[in-house]
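In the two complexes below, chain A is the common chain; its partner is chain B in one and chain C in the other.
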Partner chain A sequence: MTTSSDRAVPETAGGSDAVQAELLRFLTARTRKPWTADADLFASGGLSSLFAMELVVHLERTYGIAIRGTDLRLENFRTVWRMAALVDRLRQPAPGGRGE
Partner chain B sequence: MNDAVAVAASAVTALVGHRAAEWDRAGRLPTEVVRKLGAAGQLAPQIPTRYGGPGWSSADTGEFTAHVGSLCSSVRSVMTSQGMAAWAVERLAGPAQAAELLPRLATGDTAAVAFSEPQAGSDLSAVTTTVAVDGDSLLLTGRKVWVTAADHADLFLVLARLGEGGAVVVVPRGAPGVRVRRMADPLGCRAAGHAEVRFDAVRLPAGSLLGDGGQSLSLLATTALTYGRISVAWGCVGILRACVAAAGEHAGLRHQFGRPLGRHQLVARHLAELWAAEQVATRVCEHASRCWDDGSTDLVTATVLAKYVSAGQAVRGAAAAVQVLASAGAQDGHPVARAYRDAKLMEIIEGSTEMCQLLLADHVLSRW
Partner chain C sequence: MAGQNGTPDAGRWLAVLGAGVMGTGIAALAVGHGVAVTLVDVDRSRLDAAPASVDRQVRLARLMGALPPEAVPGDLVTGLSLAELSTVAATTPAAVIEAVTEDPDAKAKVLADVSALVAPGTPIVSNTSSIPIDELAPATARPVDLIGIHFMNPPYLIRTVEVIRGPRTGDPTLERVRMLLAALGRDPIVVDDAPGFVTSRILHPMINDAVRVVAAGTATVEAVDQLMQGCLGHPTGPLRTADLIGLDNLVDSLWVLYGRTGDEGCRPCDLLLELVRAGHLGRKSGRGFYEYEGDRHEHEGELS
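Let's turn to the complex of A and B:
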C-alpha cells in the first residue's frame, strides 16, 4: 500500500533533465504546439483525460515503469515536471515490488 | 485464430448451441453457463498468467469476443463486464489487492461494473455515490443503474466520490446494505442481467478501495472504459458476422420472382454493404488490438475509433440483414432480430456515438 507521503506532488522542477527533455519532445510532436516544463497541460483549452491515458501509456513504455494504483491521478500528469518526478520515483524499485 | 482460441471458441459454440434465442426471450442466462465460462477463465481471457488467467493478447481476446458476440450478445456483454472489471483491478489495484482479486476473477467469481447513475450517464463527473472513511472502515452510499451482469455478479466495482477525488470500491454482493433489483425488458442484450444496485450505508473494510482510492474520476472512468470499448467493438464484429451468415444463406436459398433473392440487384447491394461493414469493423478492431498488444500510445484513440466505427456499422448492418430476411427474421429470438436490437444499444454504452465523436474531434483539434 502507498503511504500518504506519495501523494505529495512537487510544485517545482522535478525529475531528471533527460526525462523532461524527452517529454517535451513527445508533447510537441503529438500536439504540434510548444510546451514548457511547468505548463498545466489540462488547464482550459488544454488536453483531455483521454490524452492523460496516452501519457500513461507513453511513460510506461518509454521508461519501463508501471503506473498503477494511487499514482493514476491527473495531478501526476499535469506538468512535465510532475511526470518527470513520477518517472524518477517509479524507476526506484519500490519495497516489495510493484507486482510487475 | 490460434489453437487455444479455436478450442475455447468451439467449447462456447457447444455451450450456447441454439439456446441464445430462448435466453433472449426469457431475459435470463442460465447460471451454469456463466459459471462454466467463468471457471474456464473465458469471461476475461486477458487476465495475465501470473494471476492464474489465460494471459491472452488483446488480438486473441478480440477474435474470441467476436465469436461469442456472433452467438449471443448477452453472453458477450457478461464477458465485457468481467474483462473490464479485471482490467480495472489490474490497472488500479495495489499489488496485494491484485494478487487477491485477479485469481478469483480468473477462475469463477464474476464481477460487474457499476458506474452509471440516474443523473450521471455520459457525464460521469456527476456521480453522487460517495464513499467515506469511517474509523478503520469505509461507508458507501449511492444508487447505480444499468449494471450489466449484476444478476450473477459476486462483486461490484463501484465508481464513487472520495473527498475531492474518486475511487473504485470493491463491494461483495452479500455485504449488508447492498440491494440488487433486476431491470425488466431491456431493448437488447436482454439476458445480460442488467440491474439497479443500491448501496445503503454499506460498511466495508478499508482495503476495499482499489489502489487506496483518491484517483481522478475521469482517469478512473477512462481506464475501465478503454477495455470496455475494445470489447464492445469486437462484440459488434460478432454481430456483423452473424448478420452476414444469416443474410447470405437466406439470400441464396429463398426465391422470389423466379430467382434467388441475392440475384436481385437491390438485395445484392445489401449483401455487399453488409460484408463491407463486417470487414471494416474487423480491421479497425484489429488495429486497436495491435496498438494494445504493442503498448502504443495510439491505443487510446484507436480504441475509441474502433468502438465508434464498429457500433455504427453494426447498427446499419443489422438493419440491412433484417431487410434481406424480411418476415423470416422478424421475430424475437431470431439472430437478425436480436442483432437489430442488440446493435442499437452498442451505440449507447461505453461512450455513446456522440461522446465518441466528441473525443475523436478533440483528438483532431489537439493535433492539427
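Let's turn to the complex of A and C:
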C-alpha cells in the first residue's frame, strides 16, 4: 500500500491529521460506533462494503476531489489512514499535470 | 457482441426502456462493460435523474471490483421515446430491454411499439419479475424475438441471471441473448415460462410471509431479518430485500402471481399494502421497513 509519505509528495501542513480526525467523526456519527484510524472498516462485523460508496461521496464533497478510475478500489477505503492518504494525494497536482 | 479483431461493431449498443430502479441498474451494467445505452422513460423527472444515477452505480460497481478494469465506459443517451431517438441512431441495437412498471398492459403497449421499430431478429427482452413471457408475446409483432431476462437487483453486483424462454421464443433469440450476457459478464440460467418463473415464484411469497410475521407481532423487522440471515444464510434478510426491490413493485408482482396461480400466499398482505399507500416504498423513497438517511438514492451504510 502506498501512502502519501512514501510517495514523497509535499505534505500539506496538518492535512492528513485533520482529514483523519474529520473522517473519524464522520464514521462515528454515521455508524454510531467508535473507530480507530487503522481499523479495517470492512472486516467481519464491520461495515457493509456498500458503505464504501457513501465514503466516496463524502470525501468528494468534503475535500472537493474527484475519485475516478483505478482509485475506485475498496482497498483505498478500508481504513481512515488510507482514505486520508488518498485525499492528500488527490489534492496534490498530478506530476506533470495541473492542479484542481 | 464484441467487435472481433478490432473491427468496430456497430451493433454494440442497447436500448433500455424504463429508467427506474432496474432500468438505471441495467444501464449501469452495460455502460460499465463498455456497451453504449439509450435509456428511455416517459417520466421527465426520472429521465433527468438517470445520468447521475447511472454514473453513481457504475462507480459503485467499479468500487466493488465488479467491472472489467480495462473497459472504457459506454456512452449514455436518454430520451422520452425510442422512436424519437431512433431517428438519430443509424444502427439497430443489439437488443431492446424493457424494464417499465410491472403492469401487463403497460408492458404490452411498450413491446408493441418497440417491435414495430426494431429490425426483425433483434432480441426484445422483458425484465418482468413475474408476468409469463408468453402472455406478453401476442403484443409483439414477432413472438420469436421475445425473451425474458430477469436481472437481479442490483444487476451489476449479481452475476447470475434468470433467462426465461417462452414457448414461442426462437433459438436464434436465445443464442443472441447468451452472447449479450457473456459480453456483460453475466451467467444465465435458462428456465421455462411460468408466473414468477423460479426466483419470484419462491422469493415473493416468502417476503409476503415475512411481512405477515411482523404484522402478527411475532417478531420485529430486525429480528426477522437477523434470523433469516444468521440461521438460514439469506444475504440481506427478506424485509431489507423488500426495501431494495421497492414495495410498490413487490405488490405489483404479488398481484400478478396471485392472479395467475390462485395461491393465497401470493395475495399481498395488508401491512404491505398500507406501506405502499402511505408512500413508503423502500430505499427509493427513503423509507420502507427501514429508514434510509441522506441521499435516498445511495446505498446506505447498514451494518452487515
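The rule is short, and it goes like this: the second predicted complex is superposed on the first by the 79 of 100 C-alpha atoms of A that agree within 3 Å, B and C clash if a C-alpha of one lies under 4 Å from a C-alpha of the other, contacts with A are read in each partner's own complex, and residues count from 1 in each chain.
The rule we apply is simple: a contact is a pair of C-beta atoms (placed from the backbone, for glycine too) under 8 Å apart; a residue touches a chain by one contact, two chains touch by 3 or more.
Everything numeric here is computed off the predicted structure, so don't read it as measured data.
Colleague: With both complexes superposed on chain A, which partner does A:Arg30 reach: first (chain B), second (chain C), both or neither?
Modeller: After superposition on chain A, A:Arg30 lies in contact with both partners, chain B and chain C.
Colleague: Could you say whether A:Val57 touches chain B, chain C, both of them, or neither, answering first, second, both or neither?
Modeller: In the superposed model, A:Val57 contacts both chain B and chain C.
Colleague: Check whether A:Ala21 is in contact with chain B, with chain C, with both or with neither, and answer first, second, both or neither.
Modeller: neither
Colleague: Give one of first, second, both or neither to describe whether A:Ser49 is in contact with chain B, with chain C, with both, or with none.
Modeller: After superposing on A, A:Ser49 lies in contact with both chain B and chain C.
Colleague: Who contacts more of chain A, chain B or chain C?
Modeller: The larger set of chain A residues in touch belongs to B.
Colleague: Report, in rising order, the residues of chain A that make contact with chain B in one complex and with chain C in the other.
Modeller: 30-31, 47-54, 57, 68, 70, 72-74
Colleague: Of all residues in chain A, which touch chain C in the complex?
Modeller: On the chain A side, the touching residues are 30-31, 46-54, 56-57, 68, 70, 72-74, 77.
Colleague: Okay, in this complex, where on chain A does chain B touch?
Modeller: Of all residues in chain A, those touching chain B are 1-2, 7, 30-32, 47-55, 57-58, 60-61, 68-75, 96-99.
Colleague: Under the stated contact criterion, what part of chain B meets chain A in this complex?
Modeller: Against chain A, chain B makes touches at 91-96, 98-99, 165, 210-216, 218-223, 226, 295-297, 299-301, 304, 359, 362-363, 366-368.
Colleague: Name, in rising order, each residue of chain C that touches chain A in their complex.
Modeller: Its residues touching chain A are 56, 59-60, 62-65, 69, 294-295, 298-304.
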